[in-house]
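I've put the structures underneath this note.
In the two complexes below, chain A is the common chain; its partner is chain B in one and chain C in the other.
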Partner chain A sequence: MQTRRTFLVSTVAAGAVLAAPAIVRAKPFDNVTLTLNGFGGDFDRIMKETVADPLKAETGLDVTYAPGGSSAAVAKTIATPDNPPFDIVLCDSPSVPELIKADMIDPVTPDKVPNVANLLPGLPEFGQHGVPFMISSSVITYNTEETQTPIASYADLARPDLEGRVALFNLENTGGVLYLLAMAEANGGGIDNIDPAFAALERIKPNIVTLTSSTVSLIQLFEQREATAGALWNGRVFAMQNAGQPMAMVAPSEGIYSLMSYYNPIKGTKHPEAVATYLNKALSDEAIGAIANFFRYGPTTTVDLPKAVADTIITFGPEGRAKIKTLDWTKIAEKRSGWIERFNRTMA
Partner chain B sequence: MKSQWPDRFLAVAGVLTQSLVYITMLLPPIIVVGASLTAGNSMVFPPEGLSLRWYHEAFQNTAFMNAFVMSLELGFAAMFLSLAIGFAGAYGMDRYRFFGRETLRATALSPLIVPVVVLGIGLLQLLTAIGFGQTFFGLLIGHVIITLPYVVRTLTTSLALLDRSYEEAAANLRAAPHVVLRRVTLPLLLPGFLSAGIFAFVISFGNITLSIFLGFAGAETLPVQIFTYVEHSYDPTLAAVSTMVIVLTVIIMLAIERIAGMDKVL
Partner chain C sequence: MNSSSVAARGTVRVGPSGRYAWIALTAPLAIVLLLFLVVPILSLLRASFFEGDRSFNASGVSLEHYLRFLTDSYYLNVMLDTLGYGLATALLCLVLGFPTGYALARAKPHWRRWGLIIIILPLTLSLVIVVFGWLVVLGRQGLVNQVLVFTGLIDKPIRLLFNSPAVIIVLAQQFLPFMVLSVMSVVGHIDPTLEQASANLRANRWTTFRKVIVPLSLPGILSGLTLVFVLSVSAFITPRLIGGHRVQMLGSLIYEQIIVLLNWPFGAAMSAVLFTVTLTITLIVNKWLKSHPG
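Right after this comes the complex of A and B.
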């Protein structure tokens, strides 16, 4: 006959057997949540699919992406150093010096994040501060149905047949800074001598239909055929081509000027190990490759891509990397407001 | 009889100007609605063929749908809180003379003068310091602050235009002050409340700057989601989402027309 004691013992034993798989299944980052500022849209989707979801399955880590613009995320992080809203901040090259200046970035080393060894040699612009995951480049684009003569350089945008048909970024958008530096260096100047760039801009001025800080406005102008040619981000030109627009993408003969997008682990995070695990996963071939494949911006690692994809990415691989001009973003930050003022005066 | 040509000229010019204003106001939403119905991959007008596929995409996009719900919740919460606080303030300033009344009035309207980005950074630091950083409550406080000036302003005007003889008649008939407020003042102010409510909701629903600073993971509003989306993606899903917002606005306007009549509210 079953006594009360044997019943209790057997119940506890059965409970233990049932609970055992859960104990075995316990993962290192169960109940840990990392917060990142997302880049929004397809970016967050791809990062979720290639980084967050696999990490959840493997380690139990939860990741949330809070979209809202990277400049605002940097400002928010610097404004609240004691309780930063993000564990990792995603931002582009121009914003990284601000985070370094505010001493908000935890350095990244190969012992913590082994996959940094996969980064293309000489790529990171800020030493151990920040992990680059994508290279966006300024390229020439033009409507092949509206102009038959190929455009090969920023200087070509001054051609008389393009009168009133050129659309460009202004310097509020970093894309504008990139073509400005390209034109400066192509004409014997540089960051410290920007005059040649403005002289070149004066020649393009009669052709300009619009100067804007908004990438979307620029795309609209090309798609609605209010502009024939201009300079735009390479990934955006690919997106237009993908949508069936007859827009050519040309690496300007002045050189490839790019910015990089970085993961910046923020000091004071409560979960440094989880952050390192995230960064390592984010540098995996799957994650870097998926972003490059979808947006056709340049990957930052030695990831292998199908030839058809690689051929559309102007900075792909070590050869592509060699074409990228190295820029001093700290110095650019110092000079930029002066350039903007002069640009607005000159181009008005 | 003297020629009336100046009058006729002005009348024609008036009609032309009116038409131009209406066309300018209506064209952007028409273009957005048109672009949302495209069968192609680009957000262009006129659309390349007709299809509802981008609406399907928008409904499938949980980020947009969650942000839409978040914006509605925040908008209504900010509206009700703002109406409650704003009415108390407007009523007090209208009916009583007290020390600091003008200062209070200026303070209530000051968020209109301070750039929202400055307000955003300041509020972020304040809310973090007092432990409300990255909370819905903090976000709500921010939205109440930016909607309050519109509510106070609208209700102050409504109170000033209110015929006080109705209240006096009620008081003469021995209605207690709270009964007068509930049965006479508030019903007479209904159009003012609706107007202030619309302003508050629309300002909150459309705000980007403050929501970027005070928002947090899991509390993204629709404008922030749209704003971030176009940074890297640009397809007609945006037009479909925007059309939903336009439809929502039209529904609200029609509802108000049925309840109180637009001419009284605006």
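Right after this comes the complex of A and C.
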């Protein structure tokens, strides 16, 4: 016969059993949300699948990606130092010096983010500031159905047979800065002597259909055959090839000029531990490998890739990375304003 | 008849407290405008006087950015081009928008309602989508080229993008509703019997249009022209994507300075100059409208 005491004991026990899953489910970052500026499209999808979703399951962390231009994200962050809109800002090499100069980002160390140890030696360009996660390179691309003679260099874009067929980035897009530096160094100049690059641009100018800062716009120009040759990011050319476009990808003879994309933890975030956890996951083989596999952008860690994938990434492995030209982005950031002004005047 | 009997017949009497009710009614909007329009404009003006090319940790007062802009022929030429594109767009909108606005004002309410929906619908679309749509329509493989080739007007596709006419056409498409609505609202108040009286006096349609409709519609025409002009000169997405590097407008340069180069003081100075020019034009038009109320 059940007594009052046994009834109470069994009720409490049953309640504990029912509550146990909830107690077990309590995770370190429940009710914590991190906001990042995404790169949009497939990039955000891959980040969600390989970083945000696993983190949600493991730690309860929510991640919001706000797609938009990374330059705008950097500008917004610098504009609101007391209440930055992002916990982590994703941007490319040229923007990191601005964030450092504005004292907006925290350094990243292996004790907080253990996977930093997986970064390829000598790769980070700004010491402990910024975590690089992919390497994008400027390559030549051209429509093989409409271009009889292969194009091997930026200088070839001045060929008479390409009149009215060339589309390029302007210097607002870092892709434009990369081909400008390539043309400068190939003609005896460099960051401190950009004149040879502008002389080379003058030769290409008659062939130029248009110049744009938008990667999507440039891709559209090639897909609609508004332009049939130019320079673009290697990953984007790969994506066009995958979509069936007859676009060739050529490592220019001037050399491989690349930039890296970085995660930058913003100072004053309310959730520093969640940020460190996110960065660690974002440097996992799954996340870095997925980006490399989908876009064919160069990985920044020691991740192993299938040979079929590795062979199509121009900056993969010691040999691939040896081809990358080293650039002083801090110096470029100082010079860029003058270059853009000169570019606008020269190319108009 | 005393005042209480007037009130009893439905006329609202304005007491001392009611006299100031407008303050309470307009306060919410005034506060919003103050916080999100006036304060940002003042901040922008302050930034334009900072020394150096960064606004964080900046201080001092300098005219260097205004001098840089106003003494450089490149920037002044871009400014003039911008005003020119604004004027051309406003005139194109007038040519296209006046007949539409007039027709809608004279249409039956049912048709006017549908016409308004069609006119306003494009404003609900994202500008970026509209511009990318135009890139497809005006492209070498786009609709316009296909029609021209099909009708035999051209042998092979021609380049319709990346030039001034393309920018003006796309800007006009974006801002046409503002002209149509301005014209329609004024024409709607013109008594149709005036046009009939003109016809009775043996004026033909052209004379009626010139001597009756246009003078009476002038306030709507001018406010439409001003609206389209101000919106056009501040455009930056359309000239960047449709015009390419050959069409340079001040909005693009401001965007470049603020977002890409983070040179907010110079970007702010350019914005202040553009703001002053457009404000001056608006004030002149408003003054003219007050002195010629129609």
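As a convention for this text, the second predicted complex is superposed on the first by the 337 of 348 C-alpha atoms of A that agree within 3 Å, B and C clash if a C-alpha of one lies under 4 Å from a C-alpha of the other, contacts with A are read in each partner's own complex, and residues count from 1 in each chain.
One rule holds for everything that comes next: a residue touches a chain if its C-beta (ideal position, glycine included) is under 8 Å from a C-beta of that chain, and two chains touch if they have at least 3 such contacts.
Model, not experiment: these values are computed from the prediction.
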Notebook entry, point to check: So, does A:A348 touch the first partner chain B, the second partner chain C, both, or neither?
Noted result: second
Next item on the list: Answer with first, second, both or neither: which of chain B and chain C does A:Q224 touch in the superposed model?
Entry: both
Checklist line | Partner chain(s) touched by A:A102 [first = chain B, second = chain C, both, neither] | finding: second
Check: Which partner does A:N170 contact after superposing on A: first (chain B), second (chain C), both, neither?
Finding: second
Note to self: In the overlaid three-chain picture, which partner chain does A:Y154 touch, first (chain B) or second (chain C), both, or neither?
What the structure shows: neither
Next item on the list: Identify the partner contact of A:P85: answer first if only chain B is touched, second if only chain C is, both if each is, neither if none is.
Entry: first
Note to self: So in the superposed three-chain picture, is A:G69 touching just chain B, just chain C, both, or none of them (first/second/both/neither)?
What the structure shows: both
Check: Looking at chain A, which of its residues have contacts with both chain B and chain C?
Finding: 69, 72, 75, 220, 224
Next item on the list: Using the touch rule from the top, collect the residues of chain C that touch chain A in their complex.
Entry: 53, 56, 74, 132, 135-136, 139-142, 159, 161-162, 240-241, 244-246, 248, 253, 256, 258-263
Item checked: For the chain A and chain B complex, residues of the former touching the latter -> 35, 38-44, 64-69, 72, 75-76, 79-80, 82-83, 85, 215-216, 219-220, 223-224, 235-236, 239-240, 242-245, 295
Notebook entry, point to check: Can you list the chain A residues touching chain C in their complex?
Noted result: 69, 71-72, 74-75, 78, 81, 98, 102, 164, 170, 172, 208-214, 217, 220, 224-226, 336-337, 340, 344-345, 347-348
Notebook entry, point to check: Inside the complex, what are the residues of chain B that reach chain A?
Noted result: 40-45, 63, 121, 124-125, 128, 133-134, 211-213, 215-220, 224-225, 227-235
